[in-house]
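One chain, subunit A, appears in both complexes that follow, with subunit B as partner in the first and subunit C in the second.
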Partner chain A sequence: MKVKRGPLYWRQASAGLLFVTPAVILITVFVLGPLVFSFYISFFRWNMLQPLSRAKFVGIGNYVRVLTDETFKAAMWNTMRFSVGMVVLTLAVALLLALALNSKIYLRGLFRTIYFTPVVTSMVAVAIVWSYLYHPTYGLFNDILGRLGIKQMGFLTSTAQSLWSVMLVNVWKRAGYYMVIFLAGLQTVPAQLYEAARVDGANSWQMFRKITVPMLRPTVLLCVVVATIEALQVFTPVFVMTKGGPADSSLVAVLHMYDTAFSYMQMGRAASMTFILFVLIFIVTMIQVRLMQKGGVEAY
Partner chain B sequence: MLQLGRVVEMDSNAGAALGRTHRIGHLVKQILVHGFLIFASVLMLLPFVWMVLSALKLPFEIAARPVVWLPEVPQWSNFTRAWEMLDFGRLMLNSVIVTVLTSAGVIMISSLTGYALAKLDFPGKNVLFVVVLSLMMVPFFMLMVPVYVIINKLGWVNSLAGVIVPEIAPGFGIFLMRQFMMGLPDELLDAARIDGASEFRIFWQIAMPLSRAGLTALGVFACIYHWDNFLWPSLILISPETMTIPIGLHRLYQPNLFSMYNVFMAGSTLAILPMLIFFFIAQRHFIEGIAMTGIKE
Partner chain C sequence: MNLLSKRRHLVKGVVFLVLLLFSTASAYAKTEIVVMSHWSGQQSDHILPYFEEYERLNPDVSIRFEPVTYAELLTRIQVSAVSGVRPDIYHLYNAWLPQLTDNEILAVPPAEVQDYIRENFNVAAVEGTTLDGIVWGFPTEVNDYVLVYNDRLFKEAGLDGPPTTWDELREYAEKLTKKDEKGNVIQAGFASWMGDTSGVVHPFYSLLFANGGSILNEEGTKAAFNSPEGVEALEVYQEIVSTTALTAYENFGSGHVAMIVFAPWGKLYFKEQMGDRFSDVKTAHIPPGKAGHGSVSYTWSFVCDNKSKNQKEAWEFLTWLNSVTEGRNTSRMGDYLADVLGAIPSGNADLTNHPDALGDPFMDAYIAALEYALPEPMVLPAAEINATIQKEIESVLNNELTPAEALKRAESRVNAILADY
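Showing the complex of A and B:
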């Protein structure tokens, strides 16, 4: 309620201020403060064990070293490939499942439950299970490939396949999540549109192209942005399954930061990495939103 | 609200007019779609089936080549071994404490702040809203290093508080609740005000009950996320007594100890079960909740 600054206003205002106080304190202490602090230490060489006052000021030295570091470049390159692969595959699978379920289907609820199940499982647990499935000698996958007469694969132990093997686990675990969001998006398409199109003699493919696709576009935009941010920050499955190996072939950005900060204790350098990765994520997100807007999607 | 159970009626009316060719086409389409759905189900379930079967095997069956699908004699003792090695009761208790307290905190803070941003007028409101919007763009990894330093200074390393407290003011939750509470009718709140209800009472007895759908969505989202959260807790929870399920399971897992894979599979099954059971019980809320978080209005 908008009121003039009288007693009534202050009654509301004092309540409002009181209501937001806990959030403001938490945000200040655990988000805004830390961001400023992180930016500050990104200009120092500091291992956290010594007091900060003894840390050595290195100017933009951390940024220069990170940007010229081969391992960091490899981690960034892996993260980009992982993210593109994961977003495209996950959303493609999710969309296919959602479209297949969005009609009169026998046991529809059961199928939806099955596809959603991986979403609610523990990532560490499924990463362990998939490590066994992927095992080059005793794994189920190589056994099946052998029966089909296809040559044995290294999966997690191969420098060419490790990143994609981890990605596949993520696709399997997350597809159901985006499927539910796509299904919700499909439900918002008015049924009259299809009826009108059918009266005009449109076939299924035409209705999909001319009604479903444009109506679903905002949902797809949202999912692309959310899935990209999620993929760029991947950590757990890589940490459990490969630790970034073999030979850094599956090293991703957040894992590299984790190692830098908590294995090598280079807090300043790790902090500079977070800002570099943040700028990258920010640019990617902006480009995506722009592209979608050009494609006719309203700003979210 | 979304009606997920509703199916868009695509094939009902027009079908009759088009006659037999259409019906055969329809049948073929149904068979293809179902074939695809069943194939996808097999792929989705295969890892779970393999996990449970392997959890019941002897070490030599785990390493058999070609693979053995069914164990000769189911080794239920693998589960007791995994339970004891994990100290699963303790892990479960810690996980429940972390998930419940964090989710409750998230719901409380998000709804209080979201309500104030949506329905109350106070100085600094717009600034706070912009801050909340920008918070949603701060990825967790940016806070990993500095918040760890703070938690370390507070002496909260190796305590559940160190996992819970930094996580309870999420920009996303506040934004979601603000959007939801914008839709509450002002007349109702004003009527209560005229009747002399305090602002907190209006929030607690009118706004909260009317926002049940939004609260459920946020609660489901927070539960799934915090139950499975790994990176941050793995930094804070370093002794077995404080560990949550994912951290404890990761500690048990040794990739090169192949003779133990049956126990690892049993441990993984134990780790997955609680949330899975909860999901099957409260399925509708899960699916509707997730669907809602995907719709911005």
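Showing the complex of A and C:
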């Protein structure tokens, strides 16, 4: 039976529309609008200093140029490696911290605060301080290594170590955030399950494997998706600490886009990189969502 | 409070309000000139007194200085242009001239300003600031590259003077390198400035020119550095850099690096870093290659923004800053460049009348090198080309690629960039 939409319905609906309108306007102006414009400009050769009327239509020329550009390929490869390393390490550390802080330990609240503090610290400030820690000559890390009789490491000045050095900073900064999410997930696991397991003679490792891990699966998979999207878009620590060097060893996709747009004045080419990265993130996310569904996470 | 007292307070209040309005109105009536430059930190401390002097002489003008690091300067200029909040005056690296003039960011100076510059500044500096027949601004510093070395470290290693051939350069770099018991390099014979485009690329260009090579072909349409001369130059560069952990900028002043190839503006920085030990620092020509001595030169200029509403005032200020006026035989900008920054000024009068600064033994090699220094190519994608070559050189200095491989790859990438234009 069709419901008649009377004046009350429209009154309520218009109130709702009024409340969401500011958000819709903001999203349209600052997200959708630039997104559509970026897509449009990705088919042109244009730098933002020129009027749009001087933009030259190149069709898929920018996409072809980018996909055949060795620097872009290197940046994408670095981004993938960074993302895998960062997601695995960050979530492993976060889970361990959450498990430790879920138990009744002394000063639990203080430790939770300490581990969360890096999350709320400015990434630029963190990156600058870590740059000093990593300094090959004067840095604290090499000082400690020296006292332990270990050869100095290049860290940010080494092509082999620069990407991982930046990744560690990100792990340190973000682990606290996922720790909080895991803590919330752990607290939804019914205590009776652990009690029953103890009665049946299960040890801690068995309880972790058979109860904690399956019950945490939705939380873990959510964190994997979020952390992956975040890692694929890494920019600030690389920009502050290495600028993608030495020799592009720590160059990531978003930094390369930034250089292309603002240093080399190729806004159209940079826009095409944006959409290539968007497609990549979309594919990766879809794969993860499928895995979640196969893993029995019905909500996804 | 009685009536008389109330009246007195009222009068005082009104007088105060009128004075406040007047001073506010006066402030708003001032023309503000915004100057954006990469001179920051100790460099900007020494230029500000000249701006303050101009403000005292011209009470209707105020000057706001915006220092931006060199690495961010081009990006800031572009973002300012797009945002509409644009400085009136930029201090510009002349390799960026083609990009910025092509995008109509820069104002064409009045004819009398261009004539003044042509008459009063040295030819090389004027050429570096000229594009399409227009002199785009007042040249400031002319920079070239020479060998800068720590004479105390040389004496400790038993070396009498700077290297004079490429073989000696290799030999001295090795002799001056010290390692600790774990194999860490604690003193580098020679260091590059890793991470800085000019710091990595310009020493290579200097060696390339010394060996008779070129960066681009004459038309500026194709890479020319991938040649036997270029490979040889990069091989020498690779051989003399023993570690990338120590850099020219950070570690020369601390005494951990014996030789660098650097521009003269480093004098102020090293002097402040080293204090009395700066007397150990000497300069010499970079050892000659097949074609003789080589060096790369570049210039900076003060230019005006095309959309500035204060162009007239901006050009007047720049003319004052760069003029030899009555009672002086040097310009204020020349004084700053020569006496403070340790750079080579561009004004003819300044080049003649700063004997102490320019006759300083530190500057001898730089002045002499101007005779043979060649400029960087001024092409539209200059910034991208330099950054591309930088990365390949860094791969070589990190022993990931051979010089031949790196230059081949760089050639392919640079040609692709040039083809876009």
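The working rule: the second predicted complex is superposed on the first by the 296 of 300 C-alpha atoms of A that agree within 3 Å, B and C clash if a C-alpha of one lies under 4 Å from a C-alpha of the other, contacts with A are read in each partner's own complex, and residues count from 1 in each chain.
Heads up, the rule we're going with is that contacts are C-beta pairs under 8 Å (C-beta built on N, C-alpha and C of every residue); 3 or more make two chains touch, one makes a residue touch a chain.
Here the structure is a predicted model, which means the values were calculated and not measured.
In the superposition on chain A, no contact is made by A:S83 with either subunit B or subunit C.
By the document's definition of touching, both partners, subunit B and subunit C, reach A:T137.
Partner contacting the larger number of subunit A residues, of subunit B and subunit C: B. In the overlay built on the shared chain, the residue A:S263 is in contact with subunit C alone; subunit B does not reach it.
Of the two partner chains placed by the overlay, only subunit C lies in contact with A:R45; subunit B stays clear of it. By the touch criterion defined above, A:R11 lies against subunit B but remains apart from subunit C after alignment on the C-alpha atoms of chain A.
With both structures placed on the common chain, the touch criterion links A:S165 to neither subunit B nor subunit C. Residue contacts after overlaying the shared chain place A:G146 against subunit B and subunit C alike. Shared-chain residue A:E70: touches subunit C; no touch with subunit B.
Judged by the touch definition given at the top, the superposed model places A:D248 against subunit C, while subunit B stays out of reach.
Annotation: subunit A residues 48, 137, 146, 262 touch subunit B in one complex and subunit C in the other.
Contacts from subunit B toward subunit A in the complex involve residues 2-14, 33-34, 36-37, 40-41, 43-45, 47-48, 50-51, 54, 62-67, 109, 112-113, 115-117, 119-125, 128, 131, 135, 137-150, 152, 165-166, 168-169, 174, 186, 189-190, 193, 198-200, 203, 224, 227-228, 230-231, 235, 245-246, 249-250, 253, 255, 258, 261, 264-265, 267-269, 271-272, 275-276, 278-280, 283, 286-287, 290-296. Across the complex, subunit B is touched by residues 1-3, 9, 11-17, 19-20, 22-24, 26-27, 29-35, 37-38, 41, 48, 96-97, 100-106, 108-109, 111-126, 128-133, 137-138, 140, 143, 146-147, 172, 176-177, 180-181, 183-189, 191, 194-195, 198-199, 219, 222-223, 229, 232-233, 235-236, 239-240, 253-254, 257-258, 261-262, 267, 270-271, 274-275, 277-278, 281-282, 285, 300 of subunit A. For subunit A in complex with subunit C, the residues that touch the partner chain are 45, 47-50, 65, 69-71, 136-137, 146, 149-152, 154, 157-159, 242-243, 245-248, 259, 262-266.
Listed in rising order, the residues of subunit C touching subunit A in the complex are 71, 74-75, 78-79, 81-82, 99-100, 103-105, 182-184, 194-195, 244-246, 250-251, 256, 381, 383-384, 387-388, 391-392, 394-395, 397-398, 400, 409, 413, 416, 420.
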